[in-house]
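As structure tokens, here come the structures.
Presented sequentially are two complexes of subunit A, the first with subunit B as partner and the second with subunit C.
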Partner chain A sequence: MERRTIFPGWGLPVLLVMPQLALTAVFFLWPAGQAIWSSMTRADPFGIRTTFVGLENFADLFSDPLYLDSAGRTVVFCAAVSAISLLLALALATAADREIRGRALYRFMLIWPYAVAPAISAVLWILLLHPQIGLVGHWLNRIGIVWDYKLNGTQAMLMVILASAWKQISYNFIFLLAGLQSIPKSIVEAARLDGAKGFFRFRTIILPLLMPTVFFLVIVNLVYAAFETFPTVLALTQGGPGKATETLVVKVYRDGVINLDVGSSSAQSVVLMAAVIVLTAVQFRFLGKRGGE
Partner chain B sequence: MATLVIENLRKSFGPVAVLHGVDLALASGEMLVIVGASGCGKSTLLRLVAGLDAPTSGRIVLDGRDVARLDPSARDIAMVFQNYALYPHMSVFDNMAYGLRIRGLAKPDIERRVHEAADILGLRPLLTRKPRQLSGGQRQRVAMGRAIVREPKLFLFDEPLSNLDATLRVQMRAEIRRLQRRMGVTSLYVTHDQVEAMTLGDRLLVLHQGVPVQLATPMEVFGRPANTYVAGFIGAPAMNFLPATLASQGTAARFADGTIQRFADGRRAGADGHKLTIGIRPEHVEFEPGGQNFQVDLVEPLGSETVLIGRLASGQLISVKVAGAGPRDETLMVSFPASAFHVFDGTTGLRIDPVVN
Partner chain C sequence: MSGRADWPAHTVLALGVLLFLVPVWLLLAGSTLDPAAISRGELSMVPDLRNLGVYGTVLTEGAPGVGPVWRMMLVSAGMALAIAFGKIAISILSAYAVTFFRFPLRMVAFWIIFITLMLPVEVRIIPTYSVMSDLHLINTFPGLTIPLIASATATLLFRQTFLAIPDELVEAARMDGAGPWRFLKDILIPVSAANLAALFVILFVYGWNQYLWPLLVATDPSLDTIVIGIVKMIGTETQTEWNKVMAAAVLALLPPILVVVLMQRWFVKGLTEGDK
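And now, the complex of A and B:
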């Protein structure tokens, strides 16, 4: 059943929608428009004059090996963060879906990390993984594994992946748990009576029914990993050592804010914006179609 | 085909006792219907037998083997759920084949069995559909099909018809009975619907708040209800109950208005003055000049019969069922023939049969 309220005239509807439209305009449309404009300009070395250069910044970008490296790194980073945090969250949600003692506390503890600010979570990870003062880092070096994320790029990458994945587990957990709980118990029970056990039952019954949630989360996680991990990476490694952990957002920041190459930086953010729009469109189409079935 | 014996089966959820010791024995191929009001523990009983919940105590012996502690998958039992519980992401064929694949049957065997079941249930043209593309009745059939392809030792039905509309329910009721007879699979059928209870089973178990009250053939449950609960639950409209006391050395009942009626079937044990409840079915109430005044409040015409609901002079509410359209009068004279009395203890509600000399 559809419930619809019909407002007479235009005045009230416009008034009610205004705050949202104003926010969107100020915090999205305006800066996005500026980014698009400045992505097509180039400043002289002293920043005094800017000239319109059309799509030249984009052409430069896609022929720049450093940019392509960063893009490849970002793909690996996003895939790893999404995969790790989704798999762990799925395992935890499956456990929380059971009838266990202290379930409420267990769930509460799992939702907690979501409320921790990125900078604080970064400090936690440093206290764990620092080669000299970190609990785990120090122990690794003691047992003979050379661990120093400030010198070893792979280790640094591993650390930012872990820290970023950890922060997203709570979010995934909440959605996956809700997804699991919306699967009718009797369907799982029918499968039990049919003789399906353990992982087989999970793979053939539960996972297929959870797929819409998983798909939604994959998109959300990719977007998260691509954009919202910026403070985590900045606090942990600042994109280093070298450029080992410099993902595309970090590069946008470094090129634009530190190196003041506004034209290229804007072009990069326009590319990223396009990527998000594509991902979101895919998600809407897929989920929209499923909902309409 | 298998026998099922349940001994002193109990179940509590924490401090709440839901089943208080159920005993049952089903012959091979028998269909037993369990009937009771909503919340009396019917589903709980089925879930214990299926292995979906663990009993607090008691034994469930299927074909000579105690299965009470076994995993459901090891029991070889199929269940038809109230909401069908079809796998929404699988085709009708796959829904039925799922359990067979797990049992490791060869592909041609699976196909043969599924097609056989589909033919019996008229599902052949629907095999490639998904559950959401089926009507309620068709889903019900698929749920049945999923149970019968397995050729299990025992069928469990948990109110399988309660989500269907009335016409379909009547049709599926007959079909379930035919199918069960034909396959000869021992079955437990749970319902709160008394028409299903009367028509489907070889025997009927009436469950009241987790306590089995009567286990007998449907006609016996109807004809000789074990207590006032069963008497009021089976039969529509419900049996009328009149307060009375034992009189004339146990050979008669004295009603509230002072009238005394002799029992038609013999003397009851007990002292005169002992409290009784006399039950009489609405269809047994007779119209008789010189009987008690009956003030009609409500007339429910059902076509072939009519139910009159009203009050006696004492203010007691009773219902009367008559064939055809029934009288139009607002006040009638009714009497209660002693031959139709069901005599119950006024305090415990238990049936009191005549003393055999």
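And now, the complex of A and C:
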């Protein structure tokens, strides 16, 4: 889409885009280019000389069982976080879409958690599930269920999934409720008169109309789970015990910032960039379609 | 509509509300308890109002490993405001330029901006760090904020809004002799007021809640944000004074929640209409 009415001259507009272009070039394009370059180099053990090694870092990466484990773990983690937060948000949005008393208050009470920082959601879940100080965690151990996410990898994974999914419910709720409200009441009413009831009506009439929103949210949730949960994981488990909760972003951070393995860390960054590009492309293809409706 | 109360819906919603309220209540109550009791596993939902002094203590003195909380809140507020206003300013200008003007390489400029959507900080940790260090921006306030100001989302949102403005309005403004600056100031910005408000909320929360970026570029304790401070306070959990962690977390929650609550209507509208 283009605008027909425009101002003449091009000195002013160039000046206007300059600030953003300059920041983008310096803080996005240059580092991204460097990541691609250093993903194809390797430093000697003393860090004095770097040599060009082509795609060797990538070959190493994809034959490294630790990396593949981390990738598999990230997939499970992202799928679980997205599924849990979307399903809970869908149940809440469906209920909040009804004409019930106090719904403005309910909505308000479900929207404010959008403001909670991922790192602080970690603190909240420590208070609930920490084996010694956590309200529920301490109680579990007292009644004889061994609960310690600091030692048990499965429990650690469960813990980071819960804390990450919890934080994302509000965001999904806002979008799903808006999606539900945009479904014409006449359609729902017609289905009701035809005798379509409860869950059947939801599955056959409402859900298909809500699918564009759901699909958009799936992508957003996957990206959230893959990248923005870094503080949650770091505050809860630091990626441990062992490597039980080491997602790909935690691994990039650990290999690059802590172990200073620039070649491998850059190769991992490039792989992640490729993943984001694919997800963004899918999302925009779909958004373009919806915009055209 | 019907006279009967809709019990299933009420039940689901009430459980949802509790899912968020219980942890936060626990945080509030826990902040007023005795740290030794918390470490023994005696966390409870009943606050001890005699210990509200902990808020004064963390605000002015801080906790082991971190400085006073008021200072960290100030850094967070500075960061959140600088990112929100900075991003809105450069995005409005660039969206204005690519929508209402024609200039060489216009679409190239647009695509360069667009591509940043695909490069979140998390995927370019190391190279961005080295750029920051080449520019001597490590451990500086500009280093904390400026790199987060460039982003495509706000630009795309404004472009969308500008494209939807009727041609008649633009034409009328030109007939009245409005130059490019007056058109921006008197027409475009007022028309986009709702978007501006929504973006402000989204960006303020985004800036306030940053963790990875300050962790990378600001190792100087005087630049600790409150979120960084809280994770530092938890530390290795050996000598954590949990009541102070909780008090700091309560304080850290207040500003972003307040912003969301006060601007709830615009925020929801802007978020869902702008798609992200």
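What we mean here is this: the second predicted complex is superposed on the first by the 284 of 293 C-alpha atoms of A that agree within 3 Å, B and C clash if a C-alpha of one lies under 4 Å from a C-alpha of the other, contacts with A are read in each partner's own complex, and residues count from 1 in each chain.
Everything that follows uses one rule, which is that contacts are C-beta pairs under 8 Å (C-beta built on N, C-alpha and C of every residue); 3 or more make two chains touch, one makes a residue touch a chain.
Note that the structure is a prediction, hence the values are computed from the model and not measured.
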* Does the superposition put A:Met109 against subunit B (first), subunit C (second), both, or neither? -> second
* In the superposed arrangement, which partner chain does A:Gly54 touch: subunit B (first), subunit C (second), both, or neither? -> neither
* Asked: So, A:Phe7: does it touch subunit B (first), subunit C (second), both, or neither?
  -> second
* To do: Considering only the touch criterion stated at the top, classify A:Leu209 as touching first (subunit B), second (subunit C), both, or neither.
  => first
* Pick one for A:Ala191: touches subunit B only (first), subunit C only (second), both, or neither. => first
* More subunit A residues touched by subunit B or by subunit C? -> C
* Figure out whether A:Pro65 sits in contact with subunit B (first) or subunit C (second), or with both, or with neither. => neither
* To do: Figure out whether A:Val262 sits in contact with subunit B (first) or subunit C (second), or with both, or with neither.
  => second
* First, second, both or neither for A:Gly144, with subunit B first and subunit C second -> neither
* Find the residues of subunit A that appear in the contact set with subunit B and again in the contact set with subunit C. => none
* **List of subunit B residues in touch with subunit A within their complex** => 50-52, 71-73, 77-79, 81-83, 85-89, 98-99, 102-103, 132, 146, 150
* Structure fact -> The subunit A residues in contact with subunit C across the complex are 1, 3-7, 9-10, 12-14, 16-17, 19-21, 23-35, 38, 88, 91-92, 94-96, 98-101, 103, 106, 108-120, 122-128, 132-135, 138, 166, 169-170, 174-175, 178, 216, 220, 223, 227-228, 230-231, 234-235, 249, 252-253, 256-257, 262, 265-266, 269, 272-273, 276-277, 280, 287
* Can you list the residues on subunit A that touch subunit B in the complex? -> 184, 186-187, 189-197, 200, 204-205, 208-209, 293
* **Residues of subunit C defined as touching subunit A within the complex** => 1, 5-6, 8-10, 12-13, 16-17, 19-21, 23-24, 26-27, 30, 38-39, 41, 43-45, 90-91, 93-94, 96-104, 106, 109, 112-113, 115-120, 122-131, 135, 146-147, 149-150, 155, 162-163, 167, 170-171, 174, 180, 183, 205, 208-209, 211-212, 216, 227, 230-231, 234, 242, 245-246, 249, 252-253, 256-257, 259-261, 264, 268, 271-272, 275-276
